[in-house]
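Handing you a structure now.
The chains carry the letters A, B, C and D, assigned in the order they are written, with residues numbered from 1 in each.
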Amino acid sequence: MNSVGSIILYAIVTLVMVVCSVLTVTTRKILRAATYLLFTLFGAAVLYFMLGYEFLGGVQIAVYAGGIVVLFVFAILLTGKPADNAERLTAKSTFLGVFAALAMLGVGAWALCSRVTRMLTGAAMPEKAQETVDQIGEQLLSSGHGGYLLPFEAISVLLLACIIGGVVIARKR
Amino acid sequence: MEITLIFWLVPSLIMFCCGVYGFITRRNMIAMLISLELMLNSVDINFALFNRYLFPGQMEGMFFSLFAIALAAAETALAIAIILNIFRKVKNVDVQGLDTMKF
Amino acid sequence: MLFSNPLIYFVVIPLLMLAGLSLCKNIKQIRAVAVIGSIGLLALSTVLLVKYLAMPPINGDHQMAWEGSWQWFPQLNICLSVGVDGISLAMLLLSSIIVFAGSFASWTINQPKEFFLWLILLSTGVFGFFISTDLFTMFMFYEVALIPMYLLIGVWGSGRKEYSAMKLTLMLMGGSAFLMLGLIGIYYNSSVDGQHTWNLLEIARNHAITPEWQRLLFPLTFVGFGVLGAMFPFHTWSPDGHASAPTAVSMLHAGVLMKLGGYGCFRVAIYLMPEAAHELGWIFLVLTGISVVYGAFSACVQTDLKYINAYSSVSHCGLVLFAILMYNQTAMTGAIMQMLSHGLMTALFFALIGMIYGRTHTRDIREMGGMMQIMPYLSVCYVIAGMASLGLPGLSGFVAEMTIFVGSFAHTDTFHRVFVIIACCSIVITAVYILRVVGKLLFGPVHNEHHRQLTDATWWERLSTATLIICVAAIGCFPNFFANLIKPTFVEEIFKVFQYNS
Amino acid sequence: MSPTIPILILAIPLFMFLLLGLLGMKMSHKLAGWLGCLGMGTTLVLAYCTAYTYYFGGDFVGANGERLMSVVFNETWLAFTDKLVISMGFMLDSISALMLVVITTISFLVHLYSLGYMEGEKGFQRYYAFLSLFSFSMLLLVVATNIFQMYIGWELVGASSYLLIGFYYTKHSAVSASKKAFIVTRFADLGFLLGILVLSFTTQTFDFAELCGNPTAQVTAFAGKTFMGCSLLTWALILIFTGGMGKSAMMPLHIWLPDAMEGPTPVSALIHAATMVVAGVYLVARMFPLYLWSFDATTFIVVVGAITAFYAAMVACAQIDIKRVLAFSTISQIAFMMVALGVASEGEGQVCHHGLGYMASMFHMFTHAMFKALLFLGAGALIHAVHSNDYTAMHGLRKFMPVTHITFLIGCLAIAGIPPFSGFFSKDEIMAACYAWHPVIGVWMSVVAGLTAFYMFRLYYLIFWWKEHKIEHGHKPHEAPLPMLIPLVFLAAVSCVAGFIPFGHFVSWNHLPYDIHLDWTIAGISVTIAVVAIVIATVMYRKENPLPAKMKALLPALWDWCYHRFYWDELYMFITHKIIFNGICRPIAWFDRHIIDGTMDAMATITNKASVAIRGLQSGQVQMYVWVYLIGALLLCGLGVMAVIL
């Protein structure tokens, strides 16, 4: 049984996430879309905190909210007049978009429903000792069972490649 | 009232659908990228959720999300670099007009 | 030990040349590397030939010499197996002569470094092919020899070079697709006890390919190699490819690479699958018989020098495959002689055409005439090449063709003999197109007054052509030496085939 | 006999060829010319020694007094199988010794003559190199110990003939004449080659000693083998004879010889009158023991020879180019030899009339070589003087060129068969052999002999009599220089006396000495015919008169056909150009370009088209991809649902 506080928190988080994501894709001003995205991401971060993944939440805020969204904003500001409205969507493209979204929704819903009993009756969030950053760091850099050294290194190489790639691509000739 | 897995999954699904909608309808590349982030984020959430609810003893889901975030950052950085580059060339970020790189 | 086997050096020297070339700074160094390397190869093949001849024959026959095998992919039994007999040695000698002459013929090529890199890579493939006794390694070298051709023609060629390069590469690749299938089929049928092998000699010894499989695999291998041997109707890469290729590439391609086809047909298709060769040989006999006459007739009406020579190659190479299919010793000796002879004289032809083209910038015989007055040396060489091609005694063409005809006519079957008579007709048609070219190109009044300013051959061109002419004349004057070199080595191999013949 | 001299006989001309061919351009004309003469002179001496040793040395006479066939040396050149071996050797027997004498004599005289005739020509050294090459090849041919060596020599003389006919290579006519000569003879050689293949396949040998030394064994090997209703032996022999037809310019392969006159005149004398063109006769003579066994083949030879002789004589009557007249006369005379060889056989190994024809043929070959070379060299002197080949440019030259005039007259008398000149004797033997074989052939050949006398004297009168042209600008025709006159006088002398050689003692079909008996009846008929023909010629052509024109008007068609050589050249042109070139080569080339290559290109085009079609799907529009992805995902889900439901 969750505490009322957590239920209220849940309601707020889901509401923010759902509303902001809808707004992100419907607003015609691109800068606003980025802002709504930021709220959605914050929502997700709160969710991670609620699940007990503080580190993940922190990363979410730092990387997504702090990094990516800022990048978006820069890009938006660099590429156009942020105040401009995007042109109105034609009925056809709206229809197509809605159709695709609903189709996805249908698929997802079907997937949920087909397992719905288990989902609904499934136990509440199990109580568990919080993962410490120590643990995470150890596991991230260990090469034994459950170690993530290889993907970690791969990611770091990828990031390096991205940095170089980004520099090269965006470089002025 | 118990907040079970499904309570979290539904908003995540909606978020994903919003991403799909945005990705298909938007013609501004940055907007498309934003939609993409939405989808990615919803997937991240799902990973974390499944991990937390179904396999609490392990951390695979969380790590997956962690890496996905890192990847998303990389991908966004690169994509934005490309977008900026294209913008410099064609003064436009509209995907519809971008078929010079086709073939 | 790998490096104690002298045959390995046929691959090592080109690789060293490649390394040397990549360090070169100017054209002088490049030429030096090419010349030194090709002299090294020539010396190596000559020394091996002398040593081989000095070997005491076992049971009256020369055996495979310098055999060696090193595994390099154990899971599939792929080895680097080497070994040569008289035939492969003759081919190696031919290749090194042509590489030598080719280096001189491309003395003033553009972008020499890249050109020689590819050319030498190509020759690596050729040499590797001839020394290998492992089917897979053989195939690998075969591919190594094919690929550089694309770039060499595409970059340094003339005329519709992209088209020709693409066509040549694709058709030969198509051929090697067939070949690959055939070789894999041979591998999986190579032995009775399940211990598969790629080694030619072992496969022949095991003699385990059932006639049913042979019937399937023989056409695949024969066609696969036959494409490179310019067998009708898979010959059309040859006119276009040769016409566009630069001089040295034409020389190497017609002189050596087309021999890979004949050699492969002989070494793989006929040698490993004699029953099917006997049963299905007639189909290919018809095709090669057509090649012989058809190529000659086509050559009669061409106006581009290189096309004429390419069609003439179709005709002459057709004769090689034709003779191979007769499976008797004399005809096969003739086939190998024809490979040598055709290799040398067609290389000579292409060298000369390249040199003439380099001066006149046209290869159309209608636009040239009276070259004898302008460049007597080249013209005389051209006449000699023509005479060799139409089978003048004292030059190589005669002995090869006569050996083929006499050997083929000894076939007991009337059908085969009728085809020999048809093939014999080609000697007349050959005379027609050769004399037509010689008459139009070299004799008569000077067609274009601007051509009067052109110069005769330079020293490197003289060296290149003289080498080839001396070799052509050597074979033509002392044929028994070459016949004996080639002959004894496959007496026993042929005897197996002979059982099916009689 | 030690092999040194025979080897030298072959080696010296070959060496001279290489020397003059490779270094000639560095030499002066004089040096090259004298070197050539010196080489050929040495060969001449050596050949005479060899022939003398053979005929008179006594070492080569067998138990029954027959002349032996001796292989002086024989080295393996190329071994096809254990039995089929091409050797390079030197065979000495009565006919090869005879040919050695003929070839070296004429060749030396031509070398000498050319010093004057070719003086100052561009490519003088090359000319001598080719002459040496020719001499070498021809000697190689006649001393062949096996049929393949002969074939090799055969091809080589063909090539050297090609080179010499095309000596003036800047002239179109010379180039096409040389090409024609080579290709026509090549075509004939194809027959020769096939004949060799059939023969060697059956008998398993190339060797003349085996083939001709023991013909019955070879005939047994052929026993019972037939092909298309004719015995295989006949096939083989006729095919081999085809080679001879080509080289010896028998109908219908004669067309190259008149054109071959484009070459320098001494070359015509050497190659196209005295030596190479009789190679066909020599070939048949060499294989004579085998020909004896096939009556069909010898009959074929007789028929071909008879037709050719008559045809060539007819045509010779209507030519205006003096060299062409001589060329047709050569064809006709060689046909005489062929007929003589043919009529010596009665089939089944039996000879007709003691094998007289064989001896007669060889005799005529010898005398003809001398007087025909004389005539050609005389013609050369005339051409040298007036710079034209046409008799219309000559007329009345007897005053200006007395030596040439006399020697030419001797040649004409010899070829016409007037005693005591050499032609009379040899031709008479041929006539006797022909009458003995079949009277029809005898009569036929007599008519041809009459025609021969007629056209030769027509030529003679047209050149030397009539009224001379006006002399312009001091271009007075002059007598030839000394190097040209010596051969003329020498050959004229030989032509006068050669008939008295007891030829039967040297050459006969079975190598047994044989005494020539003149059959006075036949000789009388022949001489009468010849004299009548000469008288007619004298009446018609002694002076300019309207008789020839009247004759022409009387039989315009005949004259036309003769003048145009019975349109053989046109027929050949039609066959080669219209049928072979346009009817076979072009369609094949078209087929290759458009059908075979078209198929390959079509395959490439189809691939290309298909890939372009598929490439259109990759529109480059991200949203499009998303759609495709979505649809794919939906389909997969649908499948999943189906799976769950079912």
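Just so we're on the same page, contacts are C-beta pairs under 8 Å (C-beta built on N, C-alpha and C of every residue); 3 or more make two chains touch, one makes a residue touch a chain.
Predicted model only: the values in this text are computed from it and were never measured.
S.K.: Just how many steps, at minimum, does a route from chain B to chain C need if it may pass only between touching chains?
M.R.: Counted as steps through touching chains, the separation is 2.
S.K.: Quick check: more C-beta contact pairs in B-D or A-B?
M.R.: Between A-B and B-D, contacts are more numerous in A-B.
S.K.: How many Å are there between the centre of chain B and the centre of chain D, using C-alpha atoms for each centre?
M.R.: Their C-alpha centroids are separated by 94 Å.
S.K.: Distance-wise, how many Å sit between the C-alpha centres of chain A and chain B, to the nearest whole number?
M.R.: 7
S.K.: Roughly how many whole angstrom separate the Cα centroids of chain A and chain D?
M.R.: 100
S.K.: So the centre of each chain is just the mean of its C-alpha atoms; given that, what is the distance between chain A and chain C in Å?
M.R.: 66
S.K.: Which positions in chain B are in touch with at least two other chains?
M.R.: As it turns out, chain B has residues touching two or more other chains at 20, 24.
S.K.: Could you tell me which residues belong to chain D and also touch two or more other chains?
M.R.: Residues 626-627, 630 of chain D each touch two or more of the other chains.
S.K.: Give the residues of chain C touching no fewer than two other chains, as numbers and ranges.
M.R.: none
S.K.: What are all the touching pairs of chains?
M.R.: Between chains, contact exists in these pairs: A-B, A-D, B-D, C-D.
S.K.: Can you list the chain D residues touching chain A in their complex?
M.R.: 626-627, 630, 633-634, 637, 641, 644
S.K.: Touching residues of chain C toward chain D in the complex: what are they?
M.R.: 166-167, 170-171, 232-233, 235-237, 240, 294, 297-298, 300-302, 329-330, 333, 370, 372-373, 387, 390-394, 398-399, 402-403, 405-407, 409-410, 420-421, 424-425, 427-428, 431-432, 435-436, 439, 442-445, 479-480, 483-484
S.K.: Within their complex, state which residues of chain A touch chain B.
M.R.: Within the complex, chain A contacts chain B at residues 1-2, 6-7, 10, 14, 17-18, 21-22, 24-25, 30, 33-34, 37, 40-41, 44, 47-48, 51-53, 55-56, 59-60, 63-64, 67-68, 71-72, 74-76, 78-80, 86, 89, 93-94, 96-98, 100-102, 104-105, 108-109, 112, 116, 119-126, 128, 131, 135-136, 139-140, 146, 148, 151, 155, 158-159, 162-163, 165-167, 169-170, 172.
S.K.: Give every residue of chain A touching chain D within the complex, in rising order.
M.R.: 96, 100, 103-104, 107, 110, 114
S.K.: Which residues of chain D touch chain C in their complex?
M.R.: Touch residues, chain D against chain C: 76-81, 84, 86, 148, 151-153, 155-156, 159, 162, 166, 169-172, 174-176, 178-179, 182-183, 186-187, 189-190, 193-194, 197-198, 200-201, 580-581, 584-586, 588-589, 592, 596-597, 599-601, 604.
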